[in-house]
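The data blocks that follow each hold one structure.
Okay, so chain A shows up in both of these, paired with chain B first and chain C after.
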Partner chain A sequence: MSEVKSKSREHWFGIRKDLAPGRRTLLTVCSFGIPLLVWVTVSYVPFIWHPDIKLEISADRDGVTTVFTAGDRVSKEFFPTFVEAVRQENRKVLDARVKNNPHFVSRRENIKRLRHLAPLGVANGWLKNNERQNDEKIFNLWKQLAEGELASRAISLSQENLEIIEENWILLSKASPTFNLKLYPTEALLKLIPQGISSNPVYLPAPHEVINAGWLDFNTVPENGMPTMWERYRHSLNIIFWGFAYSCLLGIPLAILCGSFDFFSKLHEPFVDFFRYMPAPTFSVLFVAFLGTADAPKIMLVFVGTFFQLVLVIANTTRLLENSLIEAAQTLGAKRRQLLGRIILPGILPNLYNDLRILLGWAWTWLVIAELIGEKTGLTGFIDTQGTRYNFDRVFPVIILIGLTGFFTDRLLNWLRYLFFPWTEEVRQAPKGLLTRLLLSSTDRTTYFK
Partner chain B sequence: MPPSLELPSYLSQSPEVSERFEKLRNRPVKLKVENLSKKFDTPNGEISALNKINFQIFRREFISVIGPSGCGKTTLIRILAGLDFPTSGNVFLEGRKMEGPGAERGMVFQDYTLFPWLSVKKNVMFGLEIKGLGKLKAEAEAMEWLDIVGLGKFADAYPEQLSGGMKQRVAIARSLANRPEILFLDEPFGALDAQTRSSMQAYLLKIWQNVDVTVFFVTHDLDEAIYLSDRILVLRANPGEIDELIEVPVPRPRAPGQFLTPEFLATKKRLEELIRPPELAQNDEFPMVRLTEVGDEVE
Partner chain C sequence: MKIQSIFLPFFLSLLSLYFFSCGGTPPEATETEEAEEEVAATESEPTEPETESEPESEPEATPEPETESTPLKIAYSDWPGWVAWEIGIQKNWFEEAGVDVEFLWFDYVASMDAYVAGQVDAVCMTNGDALVTGATGKPSVGIIVNDYSNGNDMVVAKPGIDSVADLKGKTVGVEEGFVCHLLLLKALEENNMSADDITVVNTPTDETPQVLASGSVDAIAAWQPNSGQALKSLPGSKPIFTSADAPGIIYDLLCVSSESLEANKEDWAKVVAVWYKIVDYLMDEANMDDALKILSARVSLEPAEYEPFFKGTKILTLEEALKFWAKGDGLDSVYGSTDIVDDFNVKFEVYEEPLDTGKYLDPSLTKAYAETSK
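Now for the complex of A and B:
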């Protein structure tokens, strides 16, 4: 039920005043739209942030151990220094050549210099990813680029680099007209000058990178027998389900007893109250010690993380049930057992259901910790591995998946209330329509009722 | 200020009224209260909410309790219904000593206390099912009671969909469906508006006339007490004791027209004296400074 409002009198900022349905929907869309828009803008509009250069062509500097390869990011302050250093080295090589006293390097070093063209070949699709060290193909690449048979589309080569390619090809083709590693020159070849594009730091991949990485990860079977993403997902869901199920199975009856009988309340709650302040992860070593390294300690962690909170929260929910309902039932002849089963349980059920929804959200937090104890498994195991390798474009899809799972589980559970508790004021006053109800905000004031 | 009307004594009863009370007194005693006391411990010492209360109610009698706020009306009805325990004294229902709540003593609360998760019909069936009645039988009986209170077509609605008056009628039906020997009502119409209230009073009288049930009714509304009751128990606060047990001289059957009859007004005057004695009323007078004047000399 919502009141019909006159447009002209409506205010966007009224304390404790509901907005019109249209405005509410608009704001709900914005609440997702604005963060997405920020992400997209920061990713694709270069002058907003982009503090780094993502290298497309890199080079090794003489006597410097820090190696940057194509795909690495260097800061914009450092990049000119890097480029200038390589240029300086080339100038020395050229100067020496002009003075008829050319520099000589190992053949191996020249092969390495030639290989720096490989990323460009991969980017244009001329090389496969695993052909980065296929020197014959790379030889052909130099030839074709120098003779103008190929032109790079994916990366636009600078004039400087095009000249270097031609210069090197003259030297290379003179020594080895056809591909033959043994004939490669030992006179120093020029290095390609590093080239790159403006980019954001590695921890903020652009949307398309995240989508691509996610698509790839979720559609490929990893080598070396690692589980697929969907197997990891199922594994994570399994742990959270059992951890939370045990928590409910033991916690709810205990909580209702505590909320109904002072006896159980005083016997259990003080200890539960104390125990919940001991952080569950600190017990993980203990769990692994007596439950092994498989799933049992992980389930145990989710259980311990949620159980103690659950008992206190639901005991309190039970105490919130109006006493007069119990008294009314007593004057109608109900005895203890009937009061528990026919008054207290159905009476607190809608609030208990809401409590469980909130507690399930906490269970996800515990899951993330649980998956890192013992053997790293599930989605978090993947996040951990890829995170330490700085593959954040592969990390974000998984984080988003966890978020979406939690969000849609909650939406679904929220929607199910309309089936389970048709008698609550909230449900009766909620707007009709399946989709509307599914999307109805869980933060509406009436979520908790007395 | 002199009384503007010459009223008879509230003690003088017409022949038919006194004959009716004679007959009532010959009925078997339904509820007997013996030396009932209830004390509360507070930081400021012990408070005697009820002190040595003695009275008895006859079968199918309608008895009301009134008194100033804090006189222990609610404490008394809760002890009689078994929801609270007395510090000392006993309650007997047809000679049986009562301890704890039970189905033979129904209770209607001010805040309706319908079970929100049950439909109206299932609310009324609740006590019957507890009693062990089969589902079909309970349902049939519940429907009968809902028809009596005029809510048959709301059988499948949830309590929250009903108005306050309707809720209270369901609550009354729910209690009566259990066939209690005595029905306690704790300010049942206190939360209703004046119009609903008077129609609810008429309803209650009608139901009481047609059902064999003894009624114990707590209210703070003097008119309501006189209009409904055979006898009125006036309580005094601090300590909570019986001030007087008044036999209402208004003849039955009652009708709204009787509100202005001499015997009604005489009873009301007496009740007012008891609840707000003149010495207390004087304390209520306090000086008031006039802040603004219109200036046309009209008071």
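Now for the complex of A and C:
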């Protein structure tokens, strides 16, 4: 009994011992689950952090350059100041009204004050996201809220704001009981008092915010002919592909030559080694100068970023090939070309393939810099534009997409090793699932299905 | 063994795919030329030609000498007065005017780099940056004054610093040699201080909000949306000096290369006409919502989010523009402002020799348009 127990303990923490497949899967799930759990906990459990207020209803202040819109975060210390400033302005409007000397503003100013209710309409599903400027619907919203036909569930309106809604509606309905933008009053309407919920800083949006923003961005087709997110994604993939393809095309042959012949090694490697320390982005202006502003300089940057590493890594891999194989072939009378084509190339392929997998990851790193050279395009163009405006809830879905793309490409390439290199020790010893066996049987039935 | 023998041709055909489908290799070919030749020698095995059908998806961007048929390439970036061009683009006003233009969306600094590299015919920049770009790269001619910055460019200081005078001995994050550096120097001058009174930390403009919030500098100088972001991300911080305090120090222009202007004068005249169509459209308050929708869509924002940025920019009508085009010494003339900026740049060693600022400005197309539209 105790033997079984100690055996199972060995299984969890055995030095250089493989875990059972079930436990491996469990741990893999955990490796994603734990960070997610931390994110969810910090986002949804109050009192852990939540130093800010996320505005659900905002207001513009007179004579202040900083404008907060719904969705913006303000710190908890600042929020009362903000609210008090708006209250103060409302008080002035009311005082003036009482003194029979009401304030007048432009019609557009009033329209804007009314539109501050739009986020509430969207949150309750009364307005579609693209109807934030639909003044007729917003007019009806004020009406229905004032007359008690609607009650906001998603955002609970404060008593103060309910009174403001009624107060404004009196003024609005007096001007015209049905919607007519031209008959809107010019007497100053009251501003809604900002309301918000406690939240984390803008750089750590909650999971549901990220999912919502991502869903919206990836499903909206911009009206002005700008690329959709999927088109941006394709554009980025295109740049990665060509940058990396050029790297492989020129790098692999050169590297194999360097690894095989001391002549090429000494002729090229010192320079390559020197060049790889020069940061690729510093050449960006140069690339734009001779390659234009479209995709060419971006592809070039990915190329320069990966090529030099690739040459050195693969040259080294080539050198690691067992010398005995080459000697054996030479004994059998192989010529130089046969040695390269029949011994060295097949011999290093499995390792070369693994090297390329790692280098592909590098290519993604360079992409992010490359897409800002020349014209801003692709996923990074979007990340940059939204990032400077602190819309991180819209940035994260894109970053996650890049991460997932990299991860799944790597998994796929890893799995394809079974097909490409079934003779390697690593593959032969690895446990194979049904799908892998099926795949392998397509090339060599006898070996895998007895 | 069997698979091994299948795999080698497969891999080589994959290589050949790369060879065939990427006919025009970038200039790095020279460096690895001999290697390529060697490869060709080692892989003499037959390759499968079906891979040739791979479509060429890499757009070849070869700059060509200007001819009648190529569109005018204009680089623009994220500034309300320039994003306004988007109205003309979306409403097809350029086609209606019979001028072939291509607007390319850039990061501001990258747009000037592209102009210096000769990849575009014109670039949207401030009069100050036009001088710096001219002195260090390639001169240009400003043919349109789009707007002047009316508060969008700011020096934002952390809580506790209430005026420019308080900056003495403090560190300020600003992108050196660019328009906000100029604003900062102007702020110092107006308060009888010199550049030596502060320590400048060279900071890319789009990183200024983070740098200010991190507390590693006491103030920053930036334009929208970065300046607004800085104010939001550090509560209690305030603008201690803005372009509204020195209106006319920053004019935003369309700067054209002199070769293109000479070769395509008529086309540029049409561009001027389209610009004033855009301005007329913007001046009608009834169009504001539609305009904001177009502008905000360019940067994937909600119109309401974009409106604040638009406020700090004073778009100039034709009459106003003509007034500012008049020669004068003060900031209320583009010429005067550019001279002042030139003096500043020399004084603060942005470049060494004063420039012939008159050559950087050409109001003739705007004036000609004013004549015809009367």
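Definition applied: the second predicted complex is superposed on the first by the 302 of 450 C-alpha atoms of A that agree within 3 Å, B and C clash if a C-alpha of one lies under 4 Å from a C-alpha of the other, contacts with A are read in each partner's own complex, and residues count from 1 in each chain.
Heads up, the rule we're going with is that a contact is a pair of C-beta atoms (placed from the backbone, for glycine too) under 8 Å apart; a residue touches a chain by one contact, two chains touch by 3 or more.
Because the structure is predicted, anything quoted here is derived from the model rather than measured.
Look at A:Pro222: by the touch rule set out above, it reaches chain C but stays clear of chain B.
Taking chain A as the reference, the larger set of touched residues comes from C, when chain B and chain C are compared. Contacts of A:Asn316 after superposition: neither chain B nor chain C is touched. Using the contact criterion defined above for the overlaid structures, shared-chain residue A:Ala329 touches chain B, although it does not reach chain C.
In the superposition on chain A, A:Arg337 makes contact with chain C only, not with chain B. Contacts of A:Thr405 after superposition on the shared chain: neither chain B nor chain C is touched.
In the superposition on chain A, A:Leu349 makes contact with both chain B and chain C. In the superposition on chain A, contact of A:Arg428 is made with chain B only, not with chain C. With both structures placed on the common chain, the touch criterion links A:Ala296 to chain C but leaves chain B unconnected. Of the two partner chains placed around the shared chain by superposition, neither chain B nor chain C is touched by A:Ser265. The contact surfaces that chain B and chain C form on chain A in the two complexes overlap at residues 346, 349, 422-423.
Within the complex formed with chain A, the chain B residues making contact are 81-83, 101-103, 105-107, 109, 111, 113, 115-118, 126-127, 130-131, 158-161, 171, 174-175, 178, 184.
On the side of chain C, the complex with chain A involves touching residues 1-4, 6-8, 11, 15, 18-19, 22, 25-29, 32, 35-36, 38-39, 42-43, 45, 57-63, 75, 78, 86, 90, 104-107, 110, 113-114, 116-120, 151, 154, 206, 209, 225-226, 228-229, 231-233, 235-236, 239, 242, 285, 288-289, 293-294, 297-305, 307-308, 311-312. Only residues 65-69, 72, 74-75, 77-78, 106, 108, 115, 118, 132-133, 202, 217, 222-226, 238, 242, 245-246, 248-250, 252-254, 257, 264, 268, 285, 288-297, 299-300, 303-304, 307, 337, 340-341, 345-346, 349, 372-376, 381-382, 384-386, 388-391, 394, 420, 422-423, 443-444 of chain A touch chain C when the two sit together in their complex. Of all the residues in chain A, the ones that touch chain B in their complex are 322, 324-325, 327-334, 338, 342-343, 346-347, 349, 421-425, 428.
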